[in-house]
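Paired with subunit B in one complex and with subunit C in the other, subunit A is shared by the two complexes that follow.
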Partner chain A sequence: MGQLRPLSLLICALLSLGAGVAQAQAVNAAPPARRTITVDERLATAAGLAVGDLVTVTTVAGTVGDSVRIAAITRRGADPSEVARSEFRVRLHLEHLQTITRSGDRVGRFAVQSRTNGANAPALSRGVSLPVSPGVSAASVAADINATAFGFRAYPAVEVAVETSATFRVVNRFHRAIGIITIVASAIFLLCITLLKVDERRRDIGALRLLGVSRRSVVRAVVLESSLVALVGSGMGAGFGWAASAIVNWYYQGFYDTPLRFAMVTPGIVAFAVTLSLVLGVVSGYLAAQRLVRTAPLELVGR
Partner chain B sequence: MTSPPLVLSARDVRRDYPVAGQPVHAVRGLSLDVSEGEWVAVVGPSGSGKSTLLNLLGAIDRPSGGSISIRGQDVARMGDAEATRFRLTGIGFVFQRFYLMPTLTAAENVELPMSEAKVPRAEREARAKELLRYVGLGERTGHRPFQLSGGEQQRVAIARALANRPALLLADEPTGELDARTGTEMITLLDRLNRDGTTIVTVTHDEALAGAARRVVHMRDGAIVDDVTVRPL
Partner chain C sequence: MILRLALATLTRRRARTALTTAGVAVATAMLLDMVMLGSGMRESFRGFIEQQGFQLRITPRGTMPFDTEATVGGGAALVVALQGDPDVVRVAPIIGTKGFVTRAGTDSVIGAFLLGLDPTVQGDYILAEGRDVAAPDEMVVNAAWLASTGYAVGDTVALAAGYEPQVRRLRGIKTVRIVGRGRFVMLAGGDRAAALPIATVQAIGGEERRDRVSVVLVATRTGADVEAVRARIERADPRLSALSTTAALRFVDERLSYFRQLAFILASVSLAVGFLLVTTLVTVSVNERIGEIAVMRAIGVARWRIVAQVMIEGVALSAVGAILGLGLGLVTARWLNGILATFPGLPAAFDFFLFEPSAAFRSLGMIVLCGIAAGVWPAWRAATLPIARTLREEAVA
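Right after this comes the complex of A and B.
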């Protein structure tokens, strides 16, 4: 630790104000150096960095840069828009960034998030100073900035995330459409299978009718049986779905190095699946049973 | 000496149905009385109307004309629900192919009609055991049909037919699926049932079975051509 390490970094456009880090969680913290930066876990792992290490930041590899201390290692949020991004990230103070990039105040876009520790809230940017109170919402801070500052527009981090996730909303709708088609196809399949399976037992049902078992009793028995099969089947399906989603999440979370959950089996989904399955079981059992009890018993037993 | 009361009285029963657009007269104006305690074997060549008659007597089929009365109830006029109920409580059926429920044990098969008739559980369990003991299967109550021989399955079917204490036991070729030895055992069982008071009507091609009955009715072309009482009550 404390060893000076040369490091050329690609500095991304997304910045955080002060030591506050939007959508990131500090894993470890150390006393601040003269100039501090934060690096994300992915970079820290790849470069073998730790909190307190001295590194050099520069915009061009191999040139003389700025020696800074790593103040924190951050973990990326579970944001779908960041899953496939493989770049490393470093977060700097805005003023520092402007200095090393020699960009002056030419910052086109940045995100703002209010701090709960308002006492240490930094000045927003050169020429603009906005006090941030503890507990104030990011939206109201952004509104204050937009009302005060001229020449740029501030957005809460959540809004930025939503905007950048538009593609995923489309993908989500696409998945929903595939889900609906699958459910409809499965329903038709289940209905046909139930009709066939019940029809295979026409002789037994015919015998029951010959023995004096009423139509209602036969229908009730078939519906009860198909409902139980549907319940057990949906329970097994939910279990299988849960196991499959656990495997998918385990694999892709490791592959993309993200806490994002790629597949989820929520209680709502399980409730929907069980209800739908039960309804299908009852309807298919009822239709299949009705079809048979309307046939003469002698015909059912093949005479 | 007073004659035993009639269990079954069929008068001028007809059953016509179309086959390929042509009317077939399966039963033509048949009349038959069966008294309590009788064992009647209906015999005749294939297509003589034996099975059709049995279906009519058992409220499985409805006659085109005439009347059928069992213990005073007009079977011919019953609607579907009433006929179903009557089959459950008034008639016991034994079929050539047994028609046992494959997933149920012997005892459960016997209990099934009682369960449908809302007999309390304890009572139906006790009666099922008693009936299975009666037909010689007291040790096999927990066996499923596939674990039983053909003769044993038919015994279970007979026990099931007697479950709701029917007025009349109808048997359609009860020895038809059995080998000679097992068939003889079945005849012995039916004979014992009849001696114990059960009124039986069987349809059969089996001469041995017909020979064991008290009365033999010969059918041809949908009508009774001969009616012989071999052993009076």
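Right after this comes the complex of A and C.
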């Protein structure tokens, strides 16, 4: 604490207007004796920093910089666009960063929050803040800004989120494709197993048919059996999936140092898996049973 | 005779044999895809790096090539210093920045990645049309740049180093001629790019870019210890990080480790599914023919013949399924590669699924080994049947 540590930082931190302006105003009202910064947990761990430490920030390694105090250590949010990037992050007051980077009054982007549509508020890539009336959608505000101003572009926050999660959308499409292949493999596997199980009981079924049990009853019994197997299997699969997702989250959250959840077993996914499994069970049972009931009973018992 | 018996058993129940073969084929396809995925990314990236012909990449300390906008000053002196190393045979300084042009026939401004390099030693693009840069006012662009700007090879354009959007003013303008179209190997498909001599890019960038470089590529002499050269460069100038091909591959491995892990898990699952399918089928098949096997043993057929027959069934199922699966795997790999090709920021020609004959043989070998392993237990069971009791039970049944 209080020890001056040289810390050369390549500052490419993104500053949001909300935090930036609020902090800048506070600074204007009562300028602190020494400027403060926040560093993320990853940097604090890597450089052995703690709240209250004095560090030097500079844009060029090895040059004289600005001595600042660490005011807080922050934890990153669950942002998919940052998950694979292992860079450090430092937050400074907006005008402080502008001063040390000699960028004058320039800004990278603005975030504009509306009173009613906070989640969909437009973000401007460059430009000025505009008041957003209550009840007005972020998309229409963004469209108005883009139609009347130039030199910057406004995007609804949702659009920005979609754009920055492009990596995850590709991964999602890849997972779906793998899912389709897995479903095909499962269908073949289930059909094969059902066929084998039914074939194994040719004599039993032949005897039942000779005793007068109808074809329909045999088909129903086989379909019921394969459906039950599929249902129990999918239940076990859901449990296995839940355990696997817990392991995946535990591993990748640690690996990427993020609170992001990588795998989720939702009721919708469980319902889809159970339904699909049930349909496959019914279809495979029906097909296997049909093959059997079309064969003469005497042939089934081996005569 | 053993072979004929095994084949007769398999063809007796055609539907189940066909289904099992299909199951093994899907498992093999998945296995092949995952083996290709596991090694494809690394080999594809290695191809890109080695294609450039440089073993070291020098960047501002703590950064990766073009990962940030950081540059190093004193580029000319740095190049001279690097050329002075006895193990260095070629040095290619590069500056990466943004360049702007006005779209042909309109007043809209288009931004693109601008690469300043030495055309005589560059490894960043492959010329596809026209000729290479030979003068300070000539540039090579990619197809995306031409499509966005509406210009063609041979046109003359006003290239700017900066753009003030509020006042719609271009700054650092230089008139240059497009002399060629190239494929920029390290850029994503839709990225617009242009390459000019490094001195031109530094000059139009003004004071901000004067004598600065983003990356310096270094080729070492054959037989030189690249790691030693790397260490020497980092020791000599603390502003620099030197990245060897091995370290670059390690970095890519780290960033794309998720896919390798996924590939490993899915490949293991595929093998397990293939193994279970063949084991189940062969076991059921043996159970069905238990009387037949007991008779064969009773009339003097040797145990090893029974074992061989059962194992041939497993191997035949696996081999046929594996061969079908190889074709299916190539088709699905193409499909999956098409999906992952849209991964943001990756070079357009980057292959996640790189076909290598060794990968195909490895997959084939693993599935056939699975088939052999799958036949072991049912074969042993068939060969060790108590003959008299089995015959009696079968007769009663």
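To be clear about the criterion, the second predicted complex is superposed on the first by the 228 of 303 C-alpha atoms of A that agree within 3 Å, B and C clash if a C-alpha of one lies under 4 Å from a C-alpha of the other, contacts with A are read in each partner's own complex, and residues count from 1 in each chain.
Everything below uses one rule, namely that contacts are C-beta pairs under 8 Å (C-beta built on N, C-alpha and C of every residue); 3 or more make two chains touch, one makes a residue touch a chain.
Worth saying up front: this structure is predicted, and the values here are computed from it rather than measured.
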For this session: Check the contacts made with subunit A and report whether subunit B or subunit C touches more of its residues.
Result: C
Problem set entry | On subunit A, the residue positions that both subunit B and subunit C contact, one per complex | 203
For this session: Could you please specify the touching residues of subunit A with respect to subunit B in the complex?
Result: 203-204, 206-215, 217, 297-298, 301, 303
Exercise. In the complex formed with subunit C, which residues of subunit A make contact?
Worked result: 10, 12, 61-62, 84, 126, 150-152, 166-167, 170-171, 173-174, 177-178, 181-182, 184-185, 188-189, 191-193, 195-196, 199-200, 203, 252, 255, 291
Problem set entry | Residues on subunit B engaged by subunit A in the complex (per definition of touch) | 51, 55, 60-61, 80-81, 84-89, 91, 93, 95, 97, 99, 101-102, 112-113, 116, 160
Problem set entry | Interfacial residue positions of subunit C with respect to subunit A in the complex | 13, 15-16, 19-20, 22-23, 26-27, 29-30, 60-63, 68-70, 164-168, 238-239, 255, 257-258, 266, 270, 273, 276-277, 280-281, 284, 287-288, 332, 335-336, 339-340, 342-344, 397
